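Next come two complexes built around chain A: one with chain B, the other with chain C.
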Partner chain A sequence: MCGDCMFQWLKKRHNPDKLKNLPQLIANLKTSGDFLHFKSEKTGTAFYIYYFKTLVNEKELSEKVIEPMGKHKVASLADVKENVPIPGIIITDDLSVVCEKVMVGYLIIRFSEVSDECALIPSPTDISRKVAQPEVEFTVVGSKEAFVESLDKNVHLIRKRLPVHELKAYELTIGKLTHTKVVVLYLEGITNQENVNTVKERLNSIHVDQVVDNSIIMQYITDDKNSPFPQLVDTERPDRAASGLCEGKVVILSEGSPQALLGPTTFVEFFSAFEDYFVNWIVASTARLIRIFAVLFSILVTPLYVATLTYHYELIPSDLLSTLVSSRQQIPLPPILEAIFLELSIELLREAGARLPTKVGQTIGIVGGIVIGTASVEAGLTSNVLLIIVALAALASFTTPVYRMGNTIRLIRFPFLLFAHLWGLLGVVLCFSFLLIHLLRLKSLGRPFLEPIYPLRVKDLKDALIRLPLNFQTKRPIQLQTEDTVRFEKDKNDFHE
Partner chain B sequence: MKLRILLCVCMLILSGCVENSIVDDIQMVTVIGYEKTDDGKLKGIAVAPQFQANGNVENSVFVETAQISKEIRSQFNTESPKPLVSGKLQLAIYSKKIAEEDGIMELTDTLQRDPSIGSRTFLAVSNSDPEAMLRTNFGNVDTGHYIHSILEHNSKYGMLPETNLHNFFYYYFSEGNDPFLPLIDLEEDKVKITGLVLLKKDKMVSELPADDLFTFKILYENFSSNDSYTTDLGGGDHASIYNIASKRDIDLKKIKKNKITINGKVLGVIKEYTGEELNTKVKEKIEKDMEEEVEKKGREMIEKFQEEGIDPLGLGNAVRSVTRGKFDYDEWKQRYTDIDIKFNMEVVITESGVIE
Partner chain C sequence: MSGAEVKEQHKISPFLVFYLVHTMQIGVGVMGFQRIVAKEAGNDAWISVLLAGISLHIVIFLMYKILLKENGDIIAVHKRLFGKWIGGLLSWVLIIYFIAMSLTVLRTYIEVVQVWMFPDLNKWIFGFVFLLLVYYCLSGGFKVVTGISFFGVVLPFYLLLTMAFPLYHGHFKDLLPILNHSASELYAGAKAGALPYLGFSTLLIYFPFIKDPAKSHRWAQGGHLLTIFIYVIVMIATITFFSANQLEKTVWATLTTWKIAEMPFVERFEYIGIATWALVVLPNICITVWAGGRGIRRLINVKQRTITIPLLILILIVNSLLTRRENIDMLNSSISNIGFYMIFVYIPLLFIFQLVLYKVRKQS
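The block that comes next holds the complex of A and B.
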C-alpha cells in the first residue's frame, strides 16, 4: 500500500527522464565510490555483478554466489535462481525494484550489459550490535535482554517470547529519505482491532523525510502533541513489550531504534516498573505507593514551602517555626527566588551531567551537589531547609521508572512554584486543578489516560496504584477493550485445596 | 482564546492584590497579656519571638497603654521593626483585676473575630502581673510557646480541663454552662498553674486551688491522666494513687424531684505507699479513704458552685439535653441553687505495683 506510493515517489526522484533503463541506472550508481562492479567468466558465460561493498557481505558473495555459479556452469538468470543457495532471489526488469533492493544489500547479476533484466540476490551485511543488557530499565531479577537497533532482532526477541501464530506484524516504511521500516505488532483475537487500526492510520499519515528513532514516531502519533506528558510507554525490554502484547496492547517497533512503543497506556502505568511483576505483590505494591508518593512530593513540596512561607505562616507548627525562621533569617531573597535559584541549579546539574561524558559527569554531580549547595547556604543565598527539600524533591523525581515521565514531573514543578508565589496555597490548588483537568482530557490512542481512576474502573485497580497477587490478574484491563477479556481461569491455578 | 488571555491577564494583575507575609519579614505575636493600670487604662503586652540565625530565640516585648483594646493593637506596630501579625497567637493572659472587675469578653471578642487566630488559642488568668510574667526570660525559648506548652500538656495529660478559645465561647454562649480558665502564677523564673478561675458570664467570681483540680476534673469529665492523687490514711501513712481512668456519670432520673446524682468512678494503681505491708485490707482502706476524701471535697465544691450560682460542670446543659420542649434557662437558674446534688465516688485499685 504505502510501498506503492513510495515507488511512485522513487520513480519521480531516481528515475528522471535520463534513467530509463538498467544500464543508465548502473551508470548513475557507479558515481558512488563504494559501488563495485566486475565481470566474471568463471562459468564460461560472462556475467556481471554489481553491488555496494558497504552493504553486502562479501564473504557470502564469494562462497554462496560466485562459487556455486562456477560449479554449476550457470548461463542464464533462471539458472542463477536455481543454483545459488540463497533464498529470496528476484529476477526482474522493474527498474524501481532494482533500485530499491540494491540499496538494502542486494547484488545485481546480469548476463548482458544492455538488457534490463537482472537477478537480485539478497546478501546484506549485518553490523548491528549484539543483544545487550538493558541500561535504563535494568532489573536485578528477570531477563537481561534489551532491544537493539536491528528491527529483525527486535521482532525476533518478541516472537521468541510469543511463539503463536496470532502474533501479527504489520510492516510499513516511513520517511522519504530514511525508508525506516516500522512494524506494528499485535495479537489477533486479543488486541482490539480499533486500537490496531488507530495505530496503522496514524502511522500511515506520517509523511516526513526522516524518522531517526521511535521517539520521533511517538511524537507524530501521540494524541495530544501539546501535552508535556508522554502518552505512550517506551520500553527497551522485550519482556515488557511481550507482556504488553499479552495484555492486549499494540507494540510499535522501528528500524534503528532500541525502543518499543506500547499503547494504549494509562497514567499510572508510567509509575509501574517492570520489576513490580517479578517480586511479591506486597513488595511491589509498596514500591508503587512509594513512587506515587514520591511524585506528589516532588511536584508539591517546593511550591508548598514557597506558599507557606510567603502567605501562610499560621500553618507552620510552633516547633518547626524556629527552625524555618532562623534558617531564613539572613537570606535577602524572598522564598520564590530562593526556590527558583535552587531548582534551577539542580536542573543545571542534571543537564550538565546528562550532556557530559560519564566520568566527567560524575565529577560535576559531586562538585555541584556538595560545593554549590553548601556554598550557597553559607553565602546566605538559600536556606538549608530549602536545600534539603529541593534535593529530596529532585531525588524523588528520579524514582519514576519511565524516563520521559520523570522529565515531565521535574518540569511541571515550575508552574506550581509560580502559582504558589502568586496566590499561596490557593494557587497550588488552582494549578493542581489545571493539571488534573489536563490529565482528564488526555487520551492514549483514543483511550482515557487517567483510567482506572477516572473513569473509575474498579476491576482495573488490581494493577494500578497497587499490584494485587497474580491470581487476581485473570482479566485483561478494561481500558484496552480487548476482544478476549479472559487471561486465564483462576480456579485452575488454585492448588492450595 | 480571548477568554484564556483575559484569564492570564487577570491572574497576573490580581496577584498584586494579594498581601503576602513572608515568614522572616513579620513578627509573630505568640502571647498577649492584658492588665489594668491604676488610672483605669488598659495595658497590653505582646511578645513576639525573634529567631536568630544561630538558633537563639530572643523575645521582643511590646507594651502599650490605651483606652480601648483595639487601639493597643495598632499601637504595637508603631514600635515594631516588622509588621506584627497575630496568626500564631497561642495564648492570651488576663490579669486577675480585669477578670474580676471588667470581665474578659470585650478583650476575647477581638481574638475570636480575627480569622487568622485559631480557636485552639489558650486563655488564662494571671495572679501575678502579666507584664512581669511576659518580661521574664524562660531560657532560650519563645515565651508564648513556653507558657502554652505548660497549659497544653496539663490539659492533655494532667489535671487541667481544656480551656481554649473555643471552649470559652461555647460555655459563654450556651445555656447551662459557665466558663472557667486556668489561673497561672509567676514563681521566680517559672510559670505555675495554681488553680482554676471560675467565671460567671465573663467575670471571675471564685477560684479553685490546684489541689482541687483532681476532684473538679472527676466531676467535670471522663478522663485519663498521668497525674497522681495522694490520700492520707491516718497514722502518718500515705498512699499515692496513680490514675488510670476516671468516669463520670450524671444521673438525671430524679430531676423532676430536684435531685441530681453525680457518680464518679476512678480506676487507679498504687504508685507509692509509705506503710508496711500492702494487703487486701489496706487496699480496701485506701479505696475507702480516697472515696470519702474526694466525695467530701466534691460536695463542698458543688455547694460553692450553687451558692455562687455558677455552673462550670455543665449540669444545666445536661438537664437541657433531657428536657422535652423548650428549656427555660431563667427558670433553671433559679432552680439550680436549690437542687439537691449528690456526689458518689467509687475507687477501684486495679494494681498495687510490681513488687508483689
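The block that comes next holds the complex of A and C.
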C-alpha cells in the first residue's frame, strides 16, 4: 500500500517535464560524482554499464557480470538474464523502477544509448557491522548475540531461532527520503490478528520524510504520544524478540536500527530482565521484587523526605529525629531546595556521563559523586542524610532493565517533589493518584497497560511481579488474546516414580 | 433519553462490581461513624452495625431484581414506570443526590485534613487540584473510574491492619454484657449504623456498564460483605479501646485510634492514614460525579464531557463556600437521611410497584 504511494511520489518527482526517458535519467545521474558509466565491447556487441560505485560491489561486478557476458557473447537483454549468474535480474523500461533500483545497488545495462529498455542487475555492497555482544541488555548467562543495523541480518537472527513456516514477515517502506524498510514479524495461528492489523494500520499511516531509527517508528505508532511512559518494549536481544513472538507478541524491525520493538506490552514487563528466565524462579522472583521496590523507592524516597521534614516531623520517632535534626542543623535551605539541588546535580552527572566517551564518563562519575557530594555536605549546602537518600534513589532507578523506563522513573520524581512541598504526604498521595490514573488510561496497541494488576488477571500473574517455575508457564498471557492459548501441555506425571 | 445502550468495549467484567460497591461504602463515614452508633446502642453498637449490614444485603437483592427486570439503569426504570415527566423528576432527584454526595465527601475530607493535618489548607487550590484529578479520571471513561476504585480498595487495604493496635490495647470485657440494650435501642443504632454503608446506590446508574449483570450480583453482595466485616472490626476495636464517655466526645474515632499505632520508624500514624485516605475518597467522588453526569446525559441531550466540567466547577464553588462546621454537619446528616430513606423506603416501594405493574400489564 505504502509502496504504491511511494511510487506515485517518485513519478511525480522525477518523471514530469524533466525526465521523460532513460537517456535523460542517466544524464541526470551523471551529475553525481560517484556515478560511473562505461562502454564495453568485449562481447562483440557494445553494451553500456551504469552504476553508483559507492553502492555496488565492484568485485562481483567484474567476476559475475562482465566476465560471463564476454564468455557467452551476450548480445541482447534477454541473453543477459540467461547468462549472468545473479538471481533477480529485471528487464524493464519503467523509469521509476530503474530510478528506485539504481539507488539500492543495481547495475544498469543496456545495448543502445537511445532505448528505454535496460537490464537491472542486483549487486549491492554490504557494509554493516558484524553481529556483536549486547551492551545494554547484557546477561552473564545466555546468548551473546545482539541485533545489528542490517535488517536482513536481524530477521535472520530471529528466523534462526524460530525455524517454522508460521513466522510471517510483513514488509513495507516508510519515509519519502529514507525509504526505510520495516518488517512486522508475527506467528500465524498464535498472534492475535487484531494486534497485527493494528500495527500494520499504524505503520501504514506514517507519512514522513525520514525514519532514522526504530525509536522514531515507536513514537509514531505509540498509543498515547503525550505520555512519558514507553508503551512498547525495545530490545537488542534476538532471543528476547523470539521469545516475545512465541508468547504471541508482534515484533517490529527496521533497516538501520539495532533494536526490535515488541508489543503489546505491560507496565510490569518493563521491570523484567531477560535474565530472569535464565535463572531459577526463586532467584528471578526475588530480583523482580527488588526491582519493583527499587522503583517505588526511587520515586518516593526524596519526596517523602521533603514531606516529612517540611510538615510532619512528628511522624519520625524521637531517636531518629535527633539524627536527622543534627544533620540538618547547619543547612540554610528548606528541604525542597536542598532536595532539588541534589537531585539536579545527580541528573547533571548522569547526563554528562551519558554524553561523554566511556572513559571520561567514569572519571566524571567519580569526581561528581565523591568530590561534589562530600564538598556540598561540608559546605553546609545539603545534609548528609539527604545525600545518602538521593544517591540511593539514583542507584535504584538504574535497576530498571529497560533504559527508556529508567529515564521516565527519574523524571517523574520531580512532580512528586513539588507536590510533597505543597501538601506534604497528602501531596505525595495526590501525585501518586495522578500517576495511577495516567497508567490506567494507557494502552499498548489497544490492550490495557497495567494488566495483570488491573484488569486483575490472576493467571497472568505467573509472569509479572514474580516469575513462577517454567512448568507453570503453560498458557500464553491473556493480555495478548492469542489465537492459540496453550504453549505446551503440562507433564501430568509430576513425580518421577 | 439518549445513550441507553453501552458499547461492549466500555463494559466492565462482573467481578469488578465487588470493588465498585465496596469502595463507595468505605468513604469518609468510616472515620467517625462509631460515636453516632454507640450513642444509641452503647457496647452493643457492633451488633447494630452487623444488623444494618445484613438488612442491606436484602436491599442490594431488591436493586438487582428491579434492574435485571428492566435490563437497564434506574432512569429507564423510572421512565417505564412513571412516564417521562414524573419519572424524569425522580431521576433528577437521584442525580442531585449523587452530586450532593460527592460534595459531602470532598468537603468532609477537606475538613478532616484541616483539623488533623493542615489547619490553613487553601480549600480553593486543594479542591481545584483534587477535582482536576477527578476530571482526569472521568475523561478516561468508566473503565478508568472502575480502575481507580480497584486501587482505592486494594492500596489502602493495609490500613485495616492498623486496627490491630487498638485491639491489642483494648479491653474486651467492655463488650460484655452482650445484648444488654433493648430492641428499639438496637434499631436506633442500626439506623445510625446504616449510614456509612450508603453510597452503593450509584449501582443504579452504572448497571448497564456491567458485562453479564446477573453474574455480578454475587460480587456486589461480596463487596458489601467485606464492608460489613471491616465496619464490625472497626466498631469492636473502637468499643474495646475507648471508654463510653470518651467515645462520646471523639468525633473521628478511627483517626484517634491511629494515634497509638507505634512502629520503630513511624510515630503519629494518622498523618499517613489521612494522606492514604485520599486514595479512598478519590474513587468515591469519581463515581458519584460520573453517575451524576451520566444521569444528566441520559435525561437531556448533552455530552457527558460537556456536563462534567460545570458539575465540577459547581462542586468546587460550593465546597469552598461551606466553611462552618455546623453547615458541614448539616450537609452530612441531610445527605445521610436522604440516602437512608432512598435505600430503605424508596427501593422497596419501587420494587413492589414494578412487580405490580408488570403483573397488571401481563394480564391486560
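Convention: the second predicted complex is superposed on the first by the 492 of 497 C-alpha atoms of A that agree within 3 Å, B and C clash if a C-alpha of one lies under 4 Å from a C-alpha of the other, contacts with A are read in each partner's own complex, and residues count from 1 in each chain.
Note that in this section a contact is a pair of C-beta atoms (placed from the backbone, for glycine too) under 8 Å apart; a residue touches a chain by one contact, two chains touch by 3 or more.
No experiment lies behind these values; they were computed from the predicted model shown.
A.B. asks: Determine, under the contact definition given at the top, whether A:Leu436 touches first (chain B), second (chain C), both, or neither.
C.D. replies: second
A.B. asks: Scan A:Leu324 for contacts with chain B and chain C and give back first, second, both or neither.
C.D. replies: In the superposed model, A:Leu324 contacts chain B only, not chain C.
A.B. asks: For A:Glu314, using the defined touch cut-off, is the partner it touches chain B, chain C, both, or neither? Pick first, second, both or neither.
C.D. replies: Both: A:Glu314 reaches chain B and chain C.
A.B. asks: Could you say whether A:Trp423 touches chain B, chain C, both of them, or neither, answering first, second, both or neither?
C.D. replies: both
A.B. asks: For A:Tyr170, decide between first (touching chain B), second (touching chain C), both and neither.
C.D. replies: The answer is neither, since A:Tyr170 touches no partner chain.
A.B. asks: Just to be sure I read the superposition right, which of the two partners does A:Tyr454 touch: chain B = first, chain C = second, or both, or neither?
C.D. replies: Once the two structures are laid over each other on A, A:Tyr454 reaches chain C alone.
A.B. asks: Thinking of the overlay built on chain A, is A:Tyr48 touched by chain B (first), by chain C (second), by both, or by neither?
C.D. replies: In the superposition, A:Tyr48 touches no partner, neither chain B nor chain C.
A.B. asks: Touching chain B in one complex and chain C in the other: list those residues of chain A.
C.D. replies: The overlap between the chain B and chain C interfaces on chain A comprises residues 311, 314, 316, 318, 423-424.
A.B. asks: Please give the residue numbers of chain B that touch chain A in the complex, ascending.
C.D. replies: Going by the criterion above, the answer is residues 11-12, 15, 18, 20-24, 26, 28, 30, 49, 51-55, 57, 85, 87-88, 90, 116, 118, 142, 145, 148.
A.B. asks: Over in the complex, which chain C residues touch chain A? Could you list them?
C.D. replies: Touch residues, chain C against chain A: 13, 16, 113, 117-118, 121, 126, 129-130, 133, 136-137, 140, 143-144, 147-148, 150-151, 264-268, 271-272, 274-276, 278-279, 282.
A.B. asks: Which chain A residues qualify as touching chain C in the complex?
C.D. replies: 311-312, 314-318, 320, 423-426, 428-430, 432-434, 436-438, 440-441, 450, 454-456
A.B. asks: Over in the complex, which chain A residues touch chain B? Could you list them?
C.D. replies: Its residues touching chain B are 308-311, 313-314, 316, 318-319, 321-322, 324-331, 334-335, 422-424.
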